[in-house]
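Think of it as A, B and C in the order they're written, each chain with its own count starting at 1.
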Amino acid sequence: MVFSLAEIAEHIGGKVQGDPQHEVNGVATLLKAGGTDISFLANSKYKKYLTESSAGAVLIDETVLDLVSTNAIIVQDPYVAYAKVANLLFPPDISDNSTHPTAWLSPDCDCHASASIGAHVYIGKDTQIAERVIIGPGCVIEDGAKIGTGSRLSANITVCKNVVIGKNAIIHPGVVIGADGFGIANDQGKWIKVPQLGSVVIGDDVEIGANTTIDRGALDDTVISNGVKLDNQIQIAHNVTIGEHTVIAGCVGIAGSTHIGKYCAIGGGTAIAGHLNIADGVQFTGMSMVTKSIKKSGVFSSGIPVEPTAQWHKNVIRYRKLESLTDRIKQLESLAKD
Amino acid sequence: MVFSLAEIAEHIGGKVQGDPQHEVNGVATLLKAGGTDISFLANSKYKKYLTESSAGAVLIDETVLDLVSTNAIIVQDPYVAYAKVANLLFPPDISDNSTHPTAWLSPDCDCHASASIGAHVYIGKDTQIAERVIIGPGCVIEDGAKIGTGSRLSANITVCKNVVIGKNAIIHPGVVIGADGFGIANDQGKWIKVPQLGSVVIGDDVEIGANTTIDRGALDDTVISNGVKLDNQIQIAHNVTIGEHTVIAGCVGIAGSTHIGKYCAIGGGTAIAGHLNIADGVQFTGMSMVTKSIKKSGVFSSGIPVEPTAQWHKNVIRYRKLESLTDRIKQLESLAKD
Amino acid sequence: MVFSLAEIAEHIGGKVQGDPQHEVNGVATLLKAGGTDISFLANSKYKKYLTESSAGAVLIDETVLDLVSTNAIIVQDPYVAYAKVANLLFPPDISDNSTHPTAWLSPDCDCHASASIGAHVYIGKDTQIAERVIIGPGCVIEDGAKIGTGSRLSANITVCKNVVIGKNAIIHPGVVIGADGFGIANDQGKWIKVPQLGSVVIGDDVEIGANTTIDRGALDDTVISNGVKLDNQIQIAHNVTIGEHTVIAGCVGIAGSTHIGKYCAIGGGTAIAGHLNIADGVQFTGMSMVTKSIKKSGVFSSGIPVEPTAQWHKNVIRYRKLESLTDRIKQLESLAKD
């Protein structure tokens, strides 16, 4: 794919400074870009590379224009502009309307002719595969599942019974959607299974990272709303609901029946207890421990970062002595009063 | 499936209040249940919904009987009763005694005729698949593995060489049982592999959640005892042993050679160091950090939950100054003595 | 496989004490070893079992020779020696030069005749599979991927487009290499995808544990250097680089663009923030929280281990009162000055 800077500027709503007929066919960092690449400055830390960059063009905001020694396209948000240009030059795979000879579709799978079904795929009964869906090698789509228009499932993904996935989902390898939630009841010392009779409903434009798991609901459904973006190895328990456009980084665990609002941002490694309500717009920094509901938007954190191990040992001991420390202060205060 | 309240009461050992001939075929929450559904009250938080529920019947303990305006079945533990009723109305899948045409079984696999083998399954040499086992699409059963009567493996599961799984296991997608433990020895700066020659032995009635991994032992076996219930994305290292009826929530990691007792309950996100002994009946709340053995049953916790980020910053700094704080108190104490 | 102690001693550079013609064909712990097994003492905790062991021979260092009542091979590092002996007696699987009839290789896959391709494997276009590679059942190798000589991929692994894997890799089930990194840009409240155009490059002699995920780079590549050993369920984000011979235990998460040095050792459950530099030789104990770069080698820790829940509650409250505690000390100090 080759585009002139004029074409790109039109696509992203920017203004060319330099030669609008200059053509690019690649993207690269400021340091590595050559004459047919377009680059960008989104982080002021890399400003020093702007002047010396050999890029064919750079995407910048107007404040750094005087540092540029090549062609530029001036935009409001260079990172968003870069994302759009990269999608233009490197569009995602599209369906080739084929079914691999090793795939197995149940006779009553309602699979649109424009879908692409990969090698060793299994698709169960009463399933719906909509237009332009791509289902990559090794995926298992169980009975009753529905996958919406334009969704792309890469490889070795499991979509369990009756799960509903909206339009334009991007789902990465190893993802499991709709396995049983962790429902057990203690019958005189022995755990018995509580059947998980709800499902999972996933909205439109959702992305789900590799090896993430989303459990089906116990009675009602687990819900992932439109525009939610999930990174790798996230665990979402039964009956969790996640509001629109919330983003969650890798290795987060969310326990059962917790409701996460819209436009939240959850840092990697965070653990959120069950039956909580997290308000819209809440942000957690990485490795947060969330045990109570949060009623208003804001940024929240927990955890004490590393220190040299010898010092860590001492601080843990001091922490455990906080009670006696407090008592000693009380004692001093009572002396002071005398 | 349709059952009368009389039939259900007999099945669960309860007592009908109202019309014993009333029939139900579904389960639902108090709020959503209709006339042919049975519901339950297991959490007093939802007591307010009892009176207004349109359920055909409710499972309750006798203390709330006067709040009920529909049929009721009085039981000792409504949640256990609910689990039993849900299993009655929605029994798990049973084997259809078929082998999918795309499955591949090694000639010397000892596979019972009543088992069901799904699409694109691979089963290796010297394997045993017992009566009524279900092996879902995409599963890989390596050489020498044995799977006990009535066990159900859903999809895309890997059971490695010589692993032994007991009766009535329920194993969810993406689980890996018997991959090599993390055994390395440092040979003058270069890590060399220590062969992992043990296996994994899993007892009866064990459930294993999606994408959980259980490593094979280095020399002896890794052991998961009868009745253990594991949630999703748990990591169990080589030579761990887990006692009967212990339950472990999602995202827990247990390092090598640690022994967990019976009837333990381990909260989500907990990390347990290697070579420890955890007594029977120990409970850890979510995100616990366990670095020492625990000799008696009890409830244990760690971690400081989130606070607004600005305050968190300040508290971390104060934590790191605990030493000087202690010194200042000492100083005051010595002054006070003068 | 059967070897005399003389043969073994020669292989590992040790010295036989006792009968050099004694033959062994197995390995076992001191407690379980019989006359045809060889055992070892690597941890002084087990010294008490040395005298009573029925092993055919033991691998020891010379300091414990007088405790031994059977044949011995004296070596400098008994654990390294054990690893070498175990590899000798139980060599890893080797390729059987066969392609399973259910495997699907794209016509232009450059697959060496000595490779072994398992059941239901899919290999895409423009791929290279080198000599003696083993690709186990259910693996998916996407277009353009290259797998180096002698590498072994067990089962249900996904290697995404253009990923490069070096020689002698050992990759366990469920691993995903080269899924898209988590790249999103906020376009006026809506997240848009940033195409992930880099790849993953994995060096020689790398081991990767079950269900670990390694994302492809955004523009440049994610890099795992020679000799790196990764345990299970590790998440490595886009553009992370990991230096040679670094070892990482299970459940670790490393956020985007962080660089980890050589010869590091990272304990299980550790979370490392993005855009950091971790020096060579750094060690983190388990469950560490790493939010800043570390410039010199050393051992670092964080986290407060569990305590009984009632006490934990009190300590958390005291922690949150550290500010008022400090104020009270200030107050006392100002009184003391008067």
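Everything below uses one rule, namely that contacts are C-beta pairs under 8 Å (C-beta built on N, C-alpha and C of every residue); 3 or more make two chains touch, one makes a residue touch a chain.
Quantities reported herein were computed from a predicted structural model and do not represent experimental measurements.
Rounded to a multiple of 5, the C-alpha superposition of chain B onto chain C involves a rotation of 120 degrees.
Counting the residue numbers that touch the partner chain, chain A and chain C have less than half of them in common.
Look at where the CA atoms of chain A average out and do the same for chain C: the two points lie 26 Å apart. Multi-chain contact residues, meaning those touching two or more other chains, occur in chain C at positions 102, 120, 138, 156, 174, 211, 233, 251, 303-305, 307, 319, 325, 329, 332, 336. Of all residues in chain B, those touching chain A in their complex are 27-29, 32, 77, 79-80, 82-84, 86-87, 90, 92, 100, 102, 118-120, 136-138, 154-156, 170, 172-174, 207, 209-211, 227, 229, 231-233, 245, 247, 249-251, 263, 268-269, 286-287, 303-309, 312-313, 316, 319-320, 322-323, 325-326, 329, 332-333, 336. In the complex of the two chains, the chain B residues touching chain C come out as 102, 104, 120, 122, 138, 140, 142, 156, 158, 160, 174, 176, 179-180, 182-187, 189-195, 197, 211, 213, 215, 219-220, 233, 235, 237, 251, 253, 255, 271, 273, 284-285, 288-292, 294, 298-305, 307, 314-315, 318-319, 321, 325, 328-329, 332, 335-336.
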